[in-house]
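Sharing a structure here in structure tokens format.
Note that the chains are named A, B, C and D in the order they appear, and that numbering of residues resets to 1 at the start of each chain.
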Amino acid sequence: MILLYFAWVRQKIGKSEESLTPPVTDVASLIAHLKSLGPNYAEAFADLNRIRVAINQRHAGLDAPVGPDDEVAFFPPVTGG
Amino acid sequence: MILLYFAWVRQKIGKSEESLTPPVTDVASLIAHLKSLGPNYAEAFADLNRIRVAINQRHAGLDAPVGPDDEVAFFPPVTGG
Amino acid sequence: MQTRIHVQHEDFDLNAEVANLTTDGEAGAVASFTGHVRKEGDLSTLTLEHYPHMTEAEITRIVSEAGTRWPLTGVTVIHRVGSLKPGDRIVLVAVASQHRHAAFQACEYLMDYLKTHAPFWKEEARSGTRHWVEHRHSDDDAAKRWNSK
Amino acid sequence: MQTRIHVQHEDFDLNAEVANLTTDGEAGAVASFTGHVRKEGDLSTLTLEHYPHMTEAEITRIVSEAGTRWPLTGVTVIHRVGSLKPGDRIVLVAVASQHRHAAFQACEYLMDYLKTHAPFWKEEARSGTRHWVEHRHSDDDAAKRWNSK
């Protein structure tokens, strides 16, 4: 699974991209797993109201399924335009 | 009174501007007077649904009062933009 | 509200006009409209006549009314007259605001009122014959929408 | 429908972009929106980050949806990324149609969805400190308006 982080999520976690194979099947359990990896992850995911998710470059919900071949991105609500 | 004609009203009447002092007090009687001046005027004012009026450079109705010092313009519905 | 109204034969520069509306840095949003002469079969020339002085006065009134309805920082209206060719630009309405919805609304309002109130007339030349463009009732309906808002 | 979507560091040329949408001569109406970095007190730099590939994919989806809702002949979306200064242009959305109301509606729709769905993030630098711009709920409300239409 490819994980991507943007904006302050990237800054809090301290990296923009990593490859992991966590034992999870949906976004919520993926986040729970990531939060267990260290305080940087725990801080990035402290308030899930401020986190948005994309799976394979499409917006997705916290209940969306994820698998080992997916590209999963975490980021704040967007502020372009 | 300064009279101005635009677009096909100008073409039908055959001039763009003239100065007259007709014995009229509103637009409707002014038009009746002009129609009496010749077939070119009569043709230009044959269908008043297709005529618009401005008095002193503001849109006005057929019942608007006019006086000797006014600039009165006749033209078709506008097609700019 | 900064206002620029021009009736001219010359074409205009969109980059310069938009830059002019944003140099003070107040507005983050500029909505613009450009009208273009369509390329239609045998249409060779579109000639625009207008009523000098009244044109500027009427556009000024329309722009002022827009300024009372929406919070705008600037409005630019440039309308060309004279002889135009298919593909040429006819009109520019550009509206700057801190709020993009206000900019869009005011820009469309200005176009709807230009179409129905500003004294311009278009004459088309096609295959050697000339005829005056007919006013469209859909433009009246578009302008009337704003009365109920 | 002709579609041009670019995410780039460079500025854009409004004259060229509008001309590109009208060269085929089909459309008489082009509605455009440009977003600009405001000049605000101590704001020195606005840096735009994005999610490459998803950005283009998401904008393409939004543009396609607009093309199903309105009769459009062309859409151009250019969004800048990287380091911008107060006064710089951030984004261009330009929509061509034979119908000006359709052009206006689609242009505003595209902006509302860009603001809420396209993966861009703005970071401001002010007096030596940097902070991420907060998403505005008014943008969510603006985008939701279109669901009921």
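FYI, a contact is a pair of C-beta atoms (placed from the backbone, for glycine too) under 8 Å apart; a residue touches a chain by one contact, two chains touch by 3 or more.
It should be emphasised that the depicted structure is a prediction, and the values quoted were computed from it without experimental measurement.
Most remote from chain C, judged by the distance between CA-atom centroids, is A. Centroids built from CA atoms put chain D at 48 Å from chain B.
With centres defined as mean CA coordinates, chain C is found 26 Å away from chain B. Shown for chain D are the residues in touch with two or more other chains, namely 35, 111.
Touching chain pairs in this entry, ordered by label, are A-D, B-C, C-D.
Contacts from chain D toward chain C in the complex involve residues 13-15, 18, 22-40, 86-87, 89, 98, 100-101, 103-104, 107-108, 111, 142. Here chain C touches chain B in the complex through residues 35, 48-51, 53-54, 57-58, 79, 90-91, 111, 114-123, 132-136, 139, going by the rule given at the top. Chain B meets chain C in the complex at residues 4, 6-8, 54, 57-59, 73, 75-81.
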